[in-house]
Amino acid sequence: MTTVLLLTATGLGVAALYFLVASGLTLIFGLMDVLNFAHGAFVGLGGYVGWTVADRLPGSPGLVLGLLAGVAAGAATAAVTELAVIRPLYGRPLDQVLATVGLGLAIPALLQAVWGADARTWTLPGWLAGTVGLFGARIPSVRFLLIGLAMALLLGLRLLLGRTRAGLVVRAGVEDREMVTALGIDVRRANLAVFALGGAAAGLGGALFGLYQGSVSPGDGTSLLVYAFVVVVLGGAGSITGTALAAVAVGLVQQYADYASASLGDESVVILLAAVLLLRRRNLRGRPA
Amino acid sequence: AGCASPTGGGAASNAASTGSSVKIGIITAESGPYAPYGEEYLAGLKAGLSYLSNGTDVIDGHKVQLVIDDDADSPATAVADAKDLIGQGVDMIGGTVDSAIALQVAAVAAQNKVLYIAGPAAVDSLDGLNRYTFRSGRESYQDIATAGTFVGDLTGKKVVVLAQDSEFGTANVAGVKAVLGGQGASVSSVLVPLSATDFTPFTAKILAAKPDLLFVAWAGTNATQMWTTLNQQGVLSATKVVTGLANTATYPATGPAGSKIEFLAHYFPGAGGGNAYEAAMTKTVTESGGTVDLFTPDGFTAMQMFAHALEASPTDVSAMIKALEGWSFAGVEGQYTVRAADHALLQPEFEAKLTGSGTSWIPQLVKAVDPNTIAPPVPATPAWSTSGS
Amino acid sequence: MLELEDVRVRLGGSAILHGVSFTVAAAGVTALLGRNGVGKTTTAKSVLGLYPATGSIRLDGRELIGLPTHAVARLGIGYVPEDRGVFAGLTVAENLRLAEPREQPKAGYPRVYELFPVLEARAAQPAGTLSGGEQQMLAIGRILLRRNRLLVVDEPTKGLSPKVAAEVARALKEVAETVPVLLIEQNLSVVRTLAGQAVVLDTGRVAHRGATRDLLADPARTNALLGVSTARADPVRADTARADARGGTA
Amino acid sequence: MNTLTSTWRRGPLASRWVRAGLVFAVLYALPYSTLRIPGVFDGPLDAPGVLQLLAVCLVFAGLAMSYDLLFGHTGVMSFGHGMFVTGGMYATTILVDHAGFGLWTSAAIGLAVALAAAVVLGAVALRVEGIGFAMVTLAFGQAVAILVVSGSPQLTGGEQGETLDAGAVPAVLSGVRNTANLYWIALAYLAVCALVVWGLAASMPGRVMRALRENERRVEVLGLNPYLFKLLAFVVAGVLAAGGGVVYLLLLGGATPTVSDSNFTLSLLVMAVLGGTGRRWGAMIGGVLYGYAGQSLTRVSGSSAVAGLPGVLRGPLEQPLFLLGAAFVLVVFFAPGGLTGRFGGRMRREEA
Amino acid sequence: MELRTAEARGTVPARDVRPALALAGLGWRVGGRTVLDEVTLEVGPGELLAVIGPNGAGKTSLFNLISGLTRPSGGRILVHGRDVTALPAHRRVRAGLGRTFQTSSVLPGLTVAENAQLAAQAALSGPYGSLKPWGWIGPKARATAADALARTRLDADAARRAGSLSHGGKRKLELAILLAGQGARPESAAAGQVLLLDEPMAGMAVEEVPELTALIREIHAGGATILMVEHHMEVVLGLAERIAVLHHGALLACDVPEAITENAVVREAYLGEPL
């Protein structure tokens, strides 16, 4: 019983992590049709910047500022990327892919150059370091923070996209840039906004991944990228809710499979992916994959 | 552009050793995740050279020249580098951290009959691989055997190995089964998928197993999280936990768990008890602005072995091999012996514990373990007939 | 009013427009006619700034060349492209929403829905699944939501049933009373009903400028310029034309 | 540049096949040359190290072409191409080391296995389209990767990889002295890839594949079954990739799990884009450059020139991956549509 | 009854009385709407039937069902008596169905010539013939393609990317592709074809209309059965032997043009003003 509870709780923690990383990706991929291979790099950067701040001033304030710094770093980098790399390449998706792959390689290398290859330990404030007893299961406090913030992000993004015109503009822009501008809309601004938003989510995800692991290392973000893509596709690119559902599915499946057997744990996610895509030929939201 | 036979590259052969200058090719990681280890190794290597040549780089009348190639942790690059070096007529190659690469380079060395002294790569199968391949570091077996010496009588004791579901992991499990199982312990394992993001499921399994000893063989990146989880879920207080002590940068990774773990150490600064070699190594390394660390001795030892081989002959590889086989010498960690049968490098290892707290840990020597008690078994049949010679 | 002066456009390395000059009167419909591939759409797109053009294009004296498209559109130019340019993945409602003006966004809806009831009925349907004609209606309805200073309409009646075509013609005529319209059209009956002025292009050059009535009244000329003789007995055409005319004046 | 390309496309070099023949003739002759290109290679062209490096470049070129057959020519994006390379490489190694077959027998069996696998996997994966297909192939690829690393280490050597039993390698291929032979094998492999891909592109199926890239529905109402043509492309590409795996195995002297990593497939994609997708020379050139950069940047990053720089600059420049990444971004900006797109002047997309 | 009228016009070879195309209770529901409702229709061999109806009546949807791009939710489709309801689109082409698209659907990246050649070759080689990796675009295919382009006045643009054609140009290419396919088939097969033309005249320059009308008449004269959706009443009345009227997805009427133009409902719902 306690084991089940423990697995579920921590599984949701993993899900939260995946969602944090995937949400930004699904925005950029789903809305702008840009396969952003630099996303992992954004995550990694968010982690390091967050860690640097939190390391300077320990305790809860440091933690909060660290998270904010991570978000800021992610947003800033993404914005710069959009302006300098993505924007000049609209209408040339392949070149965009190549460029983002380039950034995806260069940025982590840069992180290693600046902070070294060894993992940097992120010491958590006391109240986060411990565990919370729940029917005999010791659930690490960090997981609750992750789940909480992930939910907040989910709601925030839904509101933002539901209420604002930006999402609409961007989606239209992907289909027919010329026509959007011909309606008097400056699609570039909307694109920049979405990209920065995705970057911010990535930054937050990075910082939280740092907390989660209790350390940051140059490869962090990129190691999660594959999962992020899986979650995005399962959830239906561009659909925030779908992404959240997919993240939960992947997180729980992986956690239980890991407990069942190592080899199964390794294969579980890919099996899930292939099964869903092939059997239903639809992603979890019922949209054509 | 002139014309030549497609094997013309060989024309350069032995050119390297003329003018009594000898090139030693070094292939190791200077970039990528293993870069720190590579740097440690190189630092030790250079320290060794300047110590053995009193700073002149001249050993036994030969000016020694280190040709260092970055393998960037890619077998392809490493093999290309090896062929390149051999093509330049280099007869001695050393280095590399990554066992995968060491095995590939060893194969190339054997094909081309050049001496290869592997670096920190720990894979057991380097022993007895071929007669051209030696090693300057320890191997997994010795690590495990060291752990075995920590607990008294093992008969009936329950030992659990926590490792990743990989070659390294399974090899360690097998090793523990062989070594500690041999001493009467019942060994089981908890394997972690490489893709695992969360370790709670495995701590649950460990606790369920109620082991007397938990042997953690971890090569994964997210060590911090692993230790945190073990600590949070109360594994560390429930059982005796043993693991290998990695390089200084990783000490904080153990987090608050640090003091609850018993470490087996290949080496840590001061483990040698400040013997002449360690002192010399530490001196040169620190003078050149570096710090001594886990794999610095591997470099130093490698240079000792190169020098010894060189004294035997600058070019005749068989002579070098003959000289090295069975050679016993004093070094940074203590007494080393190159076992003739399979070129295993018998050496001492250490038991250590971390004192201090939070982020600043200092390793302290508990005891040094005698090379012979942890020596890997001698192969029943000689690992190689005079094949290839 | 819109003035084009020596407008030249090159696409894919070949010159498409070799100096096109004409003006669109301050009110009423100016028709842009010509065979397939002579440059009608190219002209329209260069007005919107969608193709890089040289020369001069002025709206009420303001130079448009060099302005980004969205800036041109913000000046109040409404554009119906020949390929309709509906956003297939967005619902009909979303398509319309994108065209809403900043102030009083909802003001235009009643008129549009009155003209094209189907748009209201299909509001939640992805525009890509609309029928060809329905998409055409959406493209037209979309710009009727906005407050325009000039309409550039590329073959609006294409693919519309005669009935709807007549309604669209009527709507355009109504709009044209206050807003100048540049109309590209192949359906001469519609042209005849709507257009006061007509400009005929031939391979990137202006071949004729003048009153539509005179042009269509002169069979030789029409035949030379458009390759048809309007004299040819053509009951249906004539009838629909009359229909349009009545609709127009009604 | 233009004058060069123009002479290239006119005069005696007019015929495409003549040109190709010329290129391969030159490549064939390289090992006979002692030419030194300072800064590019740190030895004469016939030096083993250089030949090894070039051979790897050629293999990458072939692999890139095989990938581009799918991606550039047919418009199908696969994230699992590496699994075929892995298949060829490991099937051969395992058969040699553990089943005691001869090298060539093993290679032949390996290719057969790859063929079968390609047919089956393709038939399944092609049921979904677009990014869905990409992800299904990614899933298959990952499954293979995991199998290789932690499936059964005693067979595959796990993350250590499995060295090819030296005894099984014919003498003419072992030893640095014989690197030239390996080089020629790699060249032969590339030639095969070129013949197959170019031939296919020039033939009816190639035309249909390009049509699929443009508009699948239209192809269907012409009475052609898109599924079959995609499958053809997938299978041919898969078998070519497996062949590349075998050659790569020979070059390395052992099987390495790096080829099973999803990043390896990604690098194939990069090679194709780098050179220009769906073009005659694009993927090939991209592959060569990527292969060269991947292996040589460590030399730049480790060079004394870099070491001399102030810390701010040195830090990044000492990271080969940083250089590689930066290079991509630059290529995109200075050679839109890939290198052949930029410098190939009006060299158009592959049109038989 | 339909058949008799067709025979009366002498377009139906007496030996073959099976309808070239027969739709039995064909229906299509999607997104909770009934787009097509129980459409039953027979088209005689060599007949030219025009399908008219208000925008959104279901004409294109009908073509999509017949050509197999969408699956009917009910009913059967027979081509020359053979039930093709379950066949995928490409198999139906083999069974003798060809079509053009309302919104041009050419291959933009290929040249105009290649577009036509592909169609010709596809028609020439058997079901799997074009799969042969050693199969090439034969001279016959090139010839027929060239001919098709000439007849649509596209020969001047043969070497250009189809994507760079003007709107009208693309519409013509649609027809050229159909022509190439027809030309490549042996006489008998070409005559057996059932061709679906979706608004061939839309966006066509006024001067082209008479020529293309002639062209369609020519194809028809070759014996092919033609269904044509068109809003251009002049053309419809000029070509059609019978006119089927779709309204709200149901077959409102199907009769000779004279009868249709008299039909009050048709005028009300479609033409808008009494003729």
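Observations
Order of writing sets the labels: A, B, C, D and E. Residues in every chain begin at 1.
The criterion applied here is as follows: a residue touches a chain if its C-beta (ideal position, glycine included) is under 8 Å from a C-beta of that chain, and two chains touch if they have at least 3 such contacts.
If you want to know which protein each chain is, UniProt gives these names: A, D = Branched-chain amino acid ABC transporter permease; C = ABC transporter ATP-binding protein; E = ATP-binding cassette domain-containing protein.
This one's a predicted model, so the numbers in the text were calculated from it and none came from an experiment.
Contact with both chain A and chain B is made by D. With centres defined by CA atoms alone, the chain at the far end from chain D is C. Among the other chains, the CA centroid farthest from that of chain A is the one of E.
Chain C and chain E have Cα centroids separated by 29 Å. Centroids of chain A and chain C (each the mean of its C-alpha atoms) stand 46 Å apart.
Averaging C-alpha coordinates per chain places the centre of chain A 50 Å away from that of chain E. In whole angstrom, the spacing between the mean C-alpha positions of chain B and chain D is 34. With touch defined as above, residues shared between interfaces to two or more other chains in chain A number as follows: 112, 262-263, 266, 269. Across the assembly, chain B contributes residues 32, 165, 193-195 that each touch 2 or more other chains. Contact between chains, using the touch rule, shows up for A-B, A-C, A-D, B-D, C-E, D-E.
Contact residues on chain B toward chain D in their complex (touch as defined above): 1-10, 12, 30-32, 68-72, 74-77, 79-81, 83-88, 99-100, 103-104, 106-108, 110-112, 123, 165-168, 170-171, 193-195. Within the complex, the chain A residues that touch chain B are 3, 6-7, 10-11, 13-14, 17, 112, 116-119, 121-123, 129-131, 138, 140, 212-215, 217-219, 223-224, 227, 254-256, 258-259, 262-263, 265-266, 269. Residue ranges on chain D touching chain A, taken from their complex, read 124-125, 127-128, 130-132, 135-136, 138-140, 142-143, 146, 150-151, 262, 266, 269-270, 273-274, 277, 315-316, 318-322, 324-329, 331-333, 336-338. Those residues of chain E whose C-beta lies close enough to touch chain D in the complex are 67, 69, 88-91, 93-94, 98-99, 101, 105-111, 114, 117-119, 121-123, 125, 128, 130-137, 177, 181. Put simply, chain D touches chain E in their complex at residues 199-200, 202-205, 207-208, 210-211, 213-215, 217-226, 228-229, 232, 236, 349, 351-352.
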